[in-house]
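In the two complexes that follow, subunit A is the common piece, with subunit B as its partner first and subunit C second.
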Partner chain A sequence: MAEDDADIRCAGGRAPDPLVPGGWLEMREYGEEPVDFVIVGTGAGGAPLAARLAEAGFSVVAMDAGPFWRPLEDFASDESHQSKLFWTDDRIVDGDDPIVLGSNNSGKSVGGSTVHFAMVSLRFRPDHFRSRSLLGYGADWPIDWREMWDYYREVERVLHISGPVSYPWGPKRPRYPLRAHPLNAAADYLARGAEALGIDWAETPIATLSAPIGKAHPCVYRGFCVTGCSTNAKQSALVTWIPRALRAGAEVRDRAMVGRIETGPNGLATGVHYHRGGQWRFQRARAVIVAGYAIETPRLLLASATADQPDGLANSSGLVGRNLMIQLNQAAWGQVDDEVRSYKGPPSLAVSEHWNYRDEGKDYHGGWSYMSQGPLPVTWAKTLAGGRGLWGRELLDEMERANHSVGLKMVGEALPNAANRVTLADETDQYGLRIPRVTHSYSDNERAMMRHATRFMEDSLKATGARETWREMGDTCHLGGTARMGFDRTTSVVDADCRSWDVPNLWICDGSVFPTVGGVNPSLTIQAIACRTADRIVAMSRQGAL
Partner chain B sequence: MRGRSLALPLVRILLRIARPASREARAATFFTGGAAVLAGSVLADSATEHYRGSFRNPAMVLPLLSASASLIINGGGGSFSRKTADVVHVAAGAVGLGGLGFHAWNVGRQTGGYRLGNLLYKAPLGAPGALVLTGLLGAIAGALRESRAGAVVPRLVTGRAAGAVVAFGLAGTVAEAGLLHFRGAFHNPAMWLPVSIPPLTALSLARDVARAIPSPATPYLLAMTATLGLAGAAFHAWGVSRNMGGWRNWRQNLLAGPPIPAPPSFTGLAIAGFGALLLLKGRTHG
Partner chain C sequence: MADRYAHYDVLDKRDTPSWNDKTRQVIDARMSLREADAGIGEARLATLRRLVSRIAPQPERHAPANTVALLAHKIVKDEGEGFRPATLPRLRECWLRGLDAIEAEAQARHGRAFAGLDAERADALLRGIEAGETQASDWIALPARDFWNWRVIPDIVSMHWSHPSLWSAMGFGGPASPRGYVRLDVNRRDPWEAEEHGDG
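== the complex of A and B ==
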């Protein structure tokens, strides 16, 4: 644990300035005196809340199990080295289709998974907020899409999203703050395929700068995005919300692993037990917000069971940990004559949401989008070995042709299914905490969507002249659903404000609250919900309703 | 060495303006000066941009050759024969027009054709236009040097034509700057300057051409536009420094950042604009 000590950076009244090598920002410290809010997790859910609540004048301590990076000096252009960004603590996966956890779905850093996310920043299709009533599947959200539209706008501004001037799908949206990036060759293949098949495509709205903003440089199109962006062009929570939170007086505690939420005799949360600097400590708080993402959030709630709440905190509905949803991440790949070098630039510069907005011609429920791809070499080798079964000489030969490989990948909506869930295993981790067991199986609906999507993407590739096309059927990405929001306490864990039905001073605000995941990447929606929650907390506090 | 070789023609131009000479001759000097600045801007800009494009097409060296020749002819302060000069001006016009056509064709064949993304990032439609303008300004200067009192083409006609060329050139350059600054989302408020001052200048000059009387505002606007061109280069140098690695990484950032040689084309056009004013003013002197 001496190593832990050495790497704690937020201390002594200062926190790293993620935008300046060796830089520091002044940081207010609260010690262990009670604060208004302790936030567990500083990713897409936790970071905006820390900033917005501190700005509203609340005392806030935001804890993250991961380190506080300065990308300019801490990030190497090396896939293996950068695995330091992923959450790779022990977990057990089972079910008929166990999920591969780690790089593709979870992060452990101040800034959370957004430090190595792929930056695709899409809005939900409005109808997908009411898929049960309008489209006959899944569950309705208790939030109206028009309200979300305003919060999307706020987040797009904060992240300086680069996007097309006109977006082909859905209700009219205001112009993105920055112009779209130029297409790389991989994106051009998506565009050409879409034109050949007669459907719309667009430059992907994406959270990396196409112009310099403040101390952040514009994107240099080197394509290391999913291993962490070393130029700070990527608008992760680390370089956007976190400095804002610090300036507003929030305290960030890096390398602080929360193991249990404590509750008092009245059933209210009183604070959190956390492990930092080699020892367990207790932070008292008037309210607790959990934002640890769809596996760690239910794990913490389940681990915080008490005599009064034996099934886990905030779990009278029995839904904590249930309805875990992945997003389908199947792909089609092929070979072309030109040198594509698809790893150049952000991986997904072009997108088609055609099948999010079109319901006809499907033998399944739900929507999906697909994007151009740009795997880095190690990832590509793993794809070829795992997804295609190549090994030895064959694998080497295929790697030689990597510059001519081109692919499309879907982000598809998996349906909520109570049997897909997070529970606690008996094994423990390095902190002595019970590790999560993640159980997952596909339903026929997902299989039908995969079939349709991979066929369609393969057709698109073929329409551009790609040969030797093949489908990668194994991959999943993005998690959601394990503490869903809803209209009442029997069918959901939190209400529309992300406040738990059972414990009024416990809030859950991250990817876990999604009742459905839609066919788009989740981070913009998570951040929009976090901003809304912050506004709701401020409003309720004014009305004395906290 | 390099400084001296640049300074000499400049000094010669200044002397020529200062020396009492015919109005035509003085105006010609403005046009030559403007053409020289434009040629310099085109040379540096096409050199960097076509280098970035790896000179994939052999024709991509043509604007470099043509702009270099224009720079020598116009910067040389009239020490070349009229014939040589004419060949160079015509060549600049031809290469510029060819470039316009080629860039337009090139954008059109990209995925999505003339959609905004291609207009913003693919071969710039306006850039070769600056070479056409270089040729035109040079040719106007040549024509003016030839003309004597009682010339075939009266001063007023030349003045109006020249003014129209400059106003039109300014408008085109504004459009180009506007498009590229839109691409940069006007992230710095100074990026609005080239789409606010030069358009006024172009309008003012166009009005002067139409009414054949120079208005008192035009010289001020021209001076502001000329200064803006130089300030623009400085702003772009700052813009380059804001890319990853800053000026230490100049080999990459000169290509990735805003083009430093582009804004001085405003300066070149504004200098020529003074020549046009001189002719318009002098229209009564026959």
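== the complex of A and C ==
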């Protein structure tokens, strides 16, 4: 009965029930007749749209290049094995500071990278939606923060976010749906450091259950969160939006790699060419929603160029693939007498957003947050080897002190820069598709933010008695940009509703529409935008404006 | 350094609620991989063995890890993470050329095989690759520093610390599903976690 990881599972009128070993959910199937929406990608952008649009009565086919997992039986407690959750198709990275891809910025599963995300669920600072007007850098979003605030609330409820009773920063927000998790030792170090430096900290609002919900148990603090949750406490898109989408009549196609969006003589999208079960197929659709994240989304648009749109679909602005933003993920680490054993519990149980909300005392633009850390052995060994140049005996000895290591890591706002971009390389992949080339270099602004943040985090560690502190300067996380939303067709790819300016039945809804990335993890914001887009589509449909 | 966890073995938990079936299957398969079955060739295998022994030594009081076998299989199966810098070819080709280049470097510097170099000479050669200071012409088409930073270090380190012996040596809890942990506070541990013994 054990299925192979490589099997297509969504077929024959059923899809896996991700919450039950060997379980199935009924699934409606549409064949390749035209559907209202075909959605490319089922992560934080695509999955909420599949659920919300199906619930509104639209016919929906949602495709993902990756497999449909049942975590209870498919997931091992093992970093190496679980790299099966990452996007491992060929990609070229270049620029002055080529970025490491895979673990913290990609996903190839139904549910996308939310299947292995760290679950940190923060709202943008309101001012960060208008950073150009209010703070003098970056770009304004065409969406008002108060509207986003309502959608944040919706997503927090769907994901049963556990969080603090009161949140120290920003406008007053309602109670989180579930109580906060207890702090582990690593989080306690963040809290004590923040208090010593006189700034606020909070229990991290986090998308893992602190109470039983439905078929899922509360978090058991196993600590393998970023390699996939094998107990389903993690509120990934796979266990939340996807079952909801299936129940509402959406069809999910696993292991379906979309290679090209087809357009008709009138320039409108007519469907997608996709590779599944060893052959290329065509799904007709009245509208196409691209939700492949900041690399695969522009790759697909660029690969869908036509004689009329020779620079790529929806790219009259020339901005498809441009303004790729990473988030800074630098850290400070140290050694303490206490046994910390940071492998226990979700890795980031405490957070400070102090430097997202405070603008004084900075020699750079943008904000950042920082969180406690819990690296697993392979990640920690790579951190020490890459960040400190340790190998051989030195590395082995340092690894054996891991239970006394403690660290803090930032999520920092990189600024949009048109030179950082995704293009198509000449080399092709296993589907015969041109692979993406990801070009990235830091600017002086990012370097200044890194300096400030790593110094501050190191001071926090020292204030708690940590010794032998050091700064990890190399890491990045999360992606954004490459199909930005905006106010007009010359300076953006989509409008506030995530609708293409050029192709009215083409929508883009994932982290690639971010004009700026802020200093918080993006998953909550992506899901909030997806819910807003669903509402806008329903409203426009009622008005006959689709 | 005194081994703080000499009496702890993650594998003792294999048949407890800390390991689910999938984890047992994955770890059993990993530990059963053998160098000879990878098919990487005897000469390159000898170079790889010496390289791994210098980068990732075995823990003193735990069973040796089959790191060379894990990496040899990864190389032959071309199991990369997908992304790579523009200067490097895909994983398998990169490693095969890199191992040949390390061997050529040993011949250029010392007129003998890398596998036969003593620890001091082997490490000096590796520090040269790390710094991009090399003599063999193989490195012209395979930038030594990129090979080191994007392949040698992450690949060897990832394979080594994927082995339960290394988890035991560092006092890591190891696989934890469905049973996780109860005691999360500073200086607290569950009965199924490693007990630390002082270095004194």
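Quick note on the criterion: the second predicted complex is superposed on the first by the 540 of 546 C-alpha atoms of A that agree within 3 Å, B and C clash if a C-alpha of one lies under 4 Å from a C-alpha of the other, contacts with A are read in each partner's own complex, and residues count from 1 in each chain.
In the analysis below, contacts are C-beta pairs under 8 Å (C-beta built on N, C-alpha and C of every residue); 3 or more make two chains touch, one makes a residue touch a chain.
Quick caveat, the model's predicted, so the values are computed rather than measured.
Once the two complexes are overlaid on the shared chain, A:78 sits against subunit C while remaining clear of subunit B.
Contacts of A:382 after superposition on the shared chain: subunit C is touched, whereas subunit B is not. After overlaying the two complexes on the shared chain, residue contacts for A:344 are found with subunit C alone; subunit B is out of touch. Of the two partner chains, neither subunit B nor subunit C is touched by A:535. When both complexes are overlaid on chain A, the residue A:127 reaches neither subunit B nor subunit C.
In the superposed model, A:203 makes contact with subunit B only, not with subunit C. Judged by the touch definition given at the top, the superposed model places A:311 against neither subunit B nor subunit C. By the touch criterion stated above, A:178 is placed in contact with subunit B alone, subunit C being left untouched.
More residues of subunit A lie in touch with C than with the remaining chain of the pair subunit B and subunit C. Judged by the touch definition given at the top, the superposed model places A:97 against neither subunit B nor subunit C.
Residues common to the contacts of subunit A with subunit B and with subunit C across the two structures: 182-183, 188, 220, 231.
Here subunit A touches subunit B in the complex through residues 164-165, 177-180, 182-183, 188, 191-192, 195, 203, 210-213, 217-218, 220, 231, 233, going by the rule given at the top. Subunit C meets subunit A in the complex at residues 1, 3-5, 18-23, 25-27, 30, 54-57, 59, 80-86, 90, 123, 126, 130, 149, 153-154, 157-162, 166-167, 169-182, 184-189, 193-194, 196.
Within the complex formed with subunit C, the residues of subunit A that make contact are 73-81, 83, 86-94, 98, 100-102, 182-185, 188, 219-224, 230-231, 338-341, 343-345, 376-378, 380-382, 385-386, 389, 391-393, 395-397, 399-400, 402-403, 437-438. Interface residues of subunit B, counted against subunit A in their complex, comprise 111-112, 116-117, 120-121, 182-185, 187, 239, 242-244, 252, 256.
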